[in-house]
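Look for chain A in each of the two complexes below; its partner is chain B in the first and chain C in the second.
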Partner chain A sequence: MKKINWQSFAFQRPYLFTLFLLFLAVVVNFIFQPNLFDRSTLNSNMRVFLPSIFLAAGQAVVLIGGGIDISVGSIVSIVNALLATQLGTEASPEKTALWLGIALVMGMLCGAVNGFFTAYLRLQPIITTYATSFLFAGIALYILPSPGGGIPGAISSFYREATPLGLPLAFYIIFLILLGWIFIRKTRYGRYLFAVGGQPDAAYETAVPVNSIQFSTYVISGLMAALAGIAISLLTSSGNAEIGDQLTLASVSAVVIGGTALRGGIGGVAGPVIGAIILGLIKNIISFANVDLWWQTFVNAAIIVLALAAPGIINLVRRKRP
Partner chain B sequence: MKKIAISPPVAAVLLAIILFLLSGLLPNGYGSNTSIALAQATNILRLSVFLGIVAAGQTLVILSGSEGIDLSVGSTVTLTAILVYVICNGQDSMVLPALVVALLVGAIIGFVNGAGITYLRISPLVMTLGMAGVVTGLILVAQHGNVSGAVAPVMTQVIARPLVLGIPGAIIIWIVFALLIWLFLERTAFGKHLFAIGVNRTTARLSGINVNAMVLATYAIAGMLSGLGGFLVVGNAGVVFINIGNPFLFPSIAAVAVGGTLLTGGKGSYWGTMAGSLVLTLITSLLTTMQMPDSVRRMVLGATLLILISIYGRQKGFRQ
Partner chain C sequence: MSVSLSARSIVKRYGGVVALADANLDVQSSETVALIGANGSGKSTLSKIINGVVVLDGGQLLLDGKTVHFSSPQAARKSGISTVFQELSLVPQMTVAENIWLAHEPLKRNGLVDSREVQKRTEELLALFEGTYKAVIRPDATIASLPPDEKQIIEILKAISFDPRLIILDEATASLDSRQVQRLFDLVQQWKQAGKAIIFVSHRMEEIFRIADRYSVLRNGYTVGEGLIKDITEKELVALMVEKATAASVGNRARQSPYQKTNQMLRLEVTDLKTDLLKGVNLQLGDGELLGIGGLKGQGQRDLLLALFGDIPYTGVVNISGEAVHFTHSRQAIQKGVALVPGERTKEGLLYLRSILENLFLPSWNQYGFPLRMRKARSDGQKVVDSLSLKMAGFDEPVSSLSGGNAQKVVIGKWLLRNPKLLLLDDPTKGVDVGTKAEFYKLLEKLCEQGTAILFYSSDDEELLGLCDRVLVMHDGIIRSELRGESLTRSNLIAASLGASDGRVE
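What follows is the complex of A and B.
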């Protein structure tokens, strides 16, 4: 019988392992929380996962382009601080729309700063976005020194409660993200993106505008971070300039669990979106399984490491067998 | 025309000196009082020792190439600091066992990192990030949020107080440590192999280097150095808290980058990392003395870091 190399098998079909993990997470979650598929439970889970889903999708685009963006959490914080201070609970619909627009522009501007330094000045992405994460976190804290502020009730309850046609709002948004990604893949831009991430030198020599492609990935990531910031603001209805801090590294984990490699040039957005959902489900399971409060961080981290290690372990065991 | 080339470590040290001299002009600076200036300089140097030693492990890991990075240093420092605090419990006789435990635990964490990276082929960023979560979880499980213990008096005496001729013990430890790391990197086969695998793993393997063993050993040593960092940090602070190591995580990477070590591996030095630690510590403490609000402090730190890496952290353009 032909021996299957699991790592290369999983490498060629990264989504298989991700889908398996998703299935496992859903089943286990369902055991602990039998009403998981009720409309209200589904909705309340998905609206919590949505910010991470936005971030994972943005991070995936940057990683495919060969970079990494560890400033996304700080961009979320800026947007949250901006909305909470500028809107308050009484803002009119026009004002709300205006500031939501400003928030998106702000996110793209932050992404443009990242893109300028990494793509045009050719600085190393990890250290550059680390530096800008301080810059952005400082700005967020400057806008909103201590937690407070508010979001108009109407729009935030729309985000929380809206279930068009019986499905959570988040499903439609995920659908739009995936649709956007499918569209991007079909265009010339999509092909350039993979070329730039895989072989930047070769891409340059075949007249691909490497710098502007790399620049654009950070702008996309900034935009997604702004959307995540809006989502989290609507979810919490309040402002906290440090709300994004713990989201950055989770976005990287989500992408990797979703089967997109960190080395660039391969992967997609669907996997990372599922990865973000898996991470959320794991947290859910832990809280519903009555894991002792002190053990929760450890159990959560250990499961993530196991999930990341599983393809490698399977491959190692297969190789050892005669 | 010959371009004047200043190596990054020298540039970083020059920058530190200029910044320090300028800081004397601040309203609450040392002014023209040289003895205060000297005391301040010594103190900043002393404070940068801890970042410097934690960043040593980071330097080794980054030198080893293939996107090598260790994001578990922060939690390793916290865990080992707590262990030292609990084991010592105020007794001088327990200092040595505590140090051994700290080094051992650090090495084990590093070893697991290395094993995951070499044998399970998980990317270093993700593996060490996951490990950071696991270690943080372990800390919570083991301590349940409260720690009882104390630092041994001899540790405070050696690390935090002046030892010889008014020079704090920490600085002397750093000088000895730096010499050892230099010898290790430049004068041993391990050091040569480390640079070799950093430049190109395939050629290194073909010339007879056991790359897997090297990577495993590098991460284990890096973990051990984080353990040493934890020991020194708690010795200096005298108290321990759940986030004591976190402020070292990204500064340790930044210090390596500011010191001119390529984040892609294979090129760099520990001198650079030392200079980088000095610059970062200096900037942080200057902002603190200027009584800037936290927001401005973060912005200035971020902007400075950007400027520093813009000066000499640039990668080659495609046209070259």
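What follows is the complex of A and C.
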């Protein structure tokens, strides 16, 4: 059966579609919020989007490598719970730095658990990370049974207000993420990543260390989730062990609208980063339009379902045509 | 450069199944050893043990006289062993250059991939097959965009890209046309002169005698014969491969002169059939006729079969049994008595993990009522199994337990149960051993005698010449010429394949 070459279509033009969506979202948002491009509005938007951007970047790496990580939201929750309980509002800078480091290690450890099960024990990624998401969520609730705790004010307000050279802090972080990705793409690791996601058997026969590469994608995803957790902790200055629950679905949709295939082996990180921004703008629009917030979840889910269904629908339509 | 590899008494089991019981192979610098055997004899397993993809259970692997133990392809590769895989080890979404250099990319001093060097060296490699491509292959073209023969060439280039000492060619010529095969063989000669060792795994006798210095024959996991090619004849070699009884029938049976039949009834008439690849195909096929389709790979043969089976959209007029039809789904085609035996049996023809019974009856269950009349199904199935002489442990065994040739019989058997009026065959003997091929040819003859109309695409010219009443040669989406009777000769077939009849040789 001949299939329409959706892959190469998506491969050649993912950015056009993503940029078009971004443009559309910006325009609609601008209508609701004419001061969208003011420095303070821009900054307040970007600092809210940043956690999702981290998650989208991490998720993109896992998806390119042929897996999926739906435990990222729970990792965010763990990190948030950890920081809010261990730091409090009075922690010294040294202690803060230490716990931020611990948070990052924690995220990578969670990723390593996912990676071990999926890469070395060959369990299905979607089921494994679905299961571990409950494991991690449970740990988060154990650390912080009810919302509370705090973050030192200085670092929190730095995150919220710093605008070096007049640009939001988030811009610099996005720049670093993209720089990191460009670097990865130019290394052998980058080639391995795409090979493992594209055709694992072929990669294995070509002497690519398939298991280690798959494992590493989950560690990267865990690290990005920890960074997202740190960002969200600084943003909210408090702890809530369920704060990450809503973020997982959005991370997958962001990758999808960023033009990275759910099947693996195709895509990049820039698209998903833009995807996360688009989703953030849509969320803004929804709240400005006085629509219930659950529509946001609906939009995210609809994007994923559509992305999964689109190649099939196109094929179906094509077949019906005489 | 010198190398010697010796596999001694190799044993490999998969669960309870013994793939290799006592396999031996010796190969040295500057020689080509043909590893020969019927499907399921263990050739692939043995080559995968040598290249580290599969770990052996017993026996010894000696490289340059020292025992080696390859636990992964990395280890074998470090020792200079490289493989052209039968199923290709390419990542379709990645580019030609990325695939060729995967895992040994030239790096710059700072550790990043040196894309300029990659580009340059890819072009050097591509030049080795210059003139045999349909269009210029760019190093940044994705593998998915290439036709099968060019994918195969990229797989070959990939295997030689790290200057290996030992090259395993596992059915490397299966998708190549004659010019590409010639080019490959020229390269093999060069590699031999450079001191490399080559293991050549193939079903094609003619190629084995052209290229190999020595042979090693596997049968059911045992090495049953080794020696110099010049000391053996094709017949003797075949006799070694095949268990005694079938050996006699292989010889010339398939190469009889074409049938002399008159068309009784026009079963299939196609007028101006067009798809993405096809540019207007016309053909007529009568009952009891065996019509061959030939030509170079990827000239639209597969599209023609798929369109007739309702698998891909097309325009044009198709008449089956005098009735105009336009299938948009294979179900409609099946209802009209059309059956397609697909080329890639693992993907399109079989549910690998399900039982033989389920596979056989998949298109036919609706004839067995509700609840299913299992006893009748089993007795009907047994008749088909007997007529195909399918070797199996039982109906309830998974198809994955069968050898390639027997698995292919299941694909054919499931359509025979429906008594097709028009049988479409998509290169059905690709990668099938000689013994099974011979049985298959007999089956085709029998079906023709019973009045089945058969449209038979084959990449094996011998089959077309020996079996078919007429052969349509396709080139670039159209039927370039029709060969029959006197004109059905090898030279005409090759000339027409290359598009020579109106001077458009590529």
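Throughout what follows, the second predicted complex is superposed on the first by the 277 of 322 C-alpha atoms of A that agree within 3 Å, B and C clash if a C-alpha of one lies under 4 Å from a C-alpha of the other, contacts with A are read in each partner's own complex, and residues count from 1 in each chain.
We take it that contacts are C-beta pairs under 8 Å (C-beta built on N, C-alpha and C of every residue); 3 or more make two chains touch, one makes a residue touch a chain.
Please read these numbers as outputs of a predicted model, since none were measured by experiment.
K.L.:
Taking the superposition as given, does A:Tyr204 touch the first partner, chain B, the second, chain C, both, or neither?
P.N.:
A:Tyr204 sits against chain B and chain C alike.
K.L.:
Could you figure out whether chain B or chain C reaches more residues of chain A?
P.N.:
On the superposition, B touches more of the residues of chain A.
K.L.:
Looking at A:Ser44 after the superposition, I want to know if it touches chain B, chain C, both of them or none. Which is it: first, second, both, neither?
P.N.:
In the superposed model, A:Ser44 contacts neither chain B nor chain C.
K.L.:
Quick check for you: in the superposed arrangement, does A:Ile266 touch first (chain B), second (chain C), both or neither?
P.N.:
second
K.L.:
Of the two partner chains, chain B (first) and chain C (second), which one does A:Thr128 touch, if any: first, second, both, or neither?
P.N.:
In the superposed model, A:Thr128 contacts chain B only, not chain C.
K.L.:
One more residue to check, A:Ser157. First (chain B), second (chain C), both or neither?
P.N.:
After superposition on chain A, A:Ser157 lies in contact with neither partner.
K.L.:
According to the stated criteria, A:Arg188 is in contact with first (chain B), second (chain C), both, or neither; which is it?
P.N.:
second
K.L.:
Which chain A residues lie in the overlap of the chain B contact set and the chain C contact set?
P.N.:
7, 201, 204
K.L.:
What residues of chain A sit close enough to touch chain C in their complex?
P.N.:
Interface residues on chain A, with respect to chain C: 1-2, 5, 7-8, 11, 183, 186-188, 190-192, 194-195, 198-199, 201-209, 265-266, 318-322.
K.L.:
Which stretch or stretches of chain B touch chain A in the complex?
P.N.:
67, 69, 71, 116, 119-123, 125-127, 129-134, 136-138, 140-141, 144-145, 250, 253-254, 257, 263-264, 293-303, 305-306, 309-310, 313-318
K.L.:
Provide the residue numbers of chain A that touch chain B in the complex, in ascending order.
P.N.:
Checking each residue of chain A against chain B gives 7, 68, 117, 121-124, 126-128, 130-142, 145, 200-201, 204, 210, 249, 252-253, 256, 261-263, 294-302, 304-305, 308-309, 312-313, 316.
K.L.:
Along chain C, where are the residues that touch chain A in the complex?
P.N.:
51, 53, 72-74, 76-77, 83, 85, 88-94, 98, 101-103, 105, 107, 111-113, 115, 142, 144-145, 158, 276, 303, 306, 311-313, 315, 326, 328-329, 348
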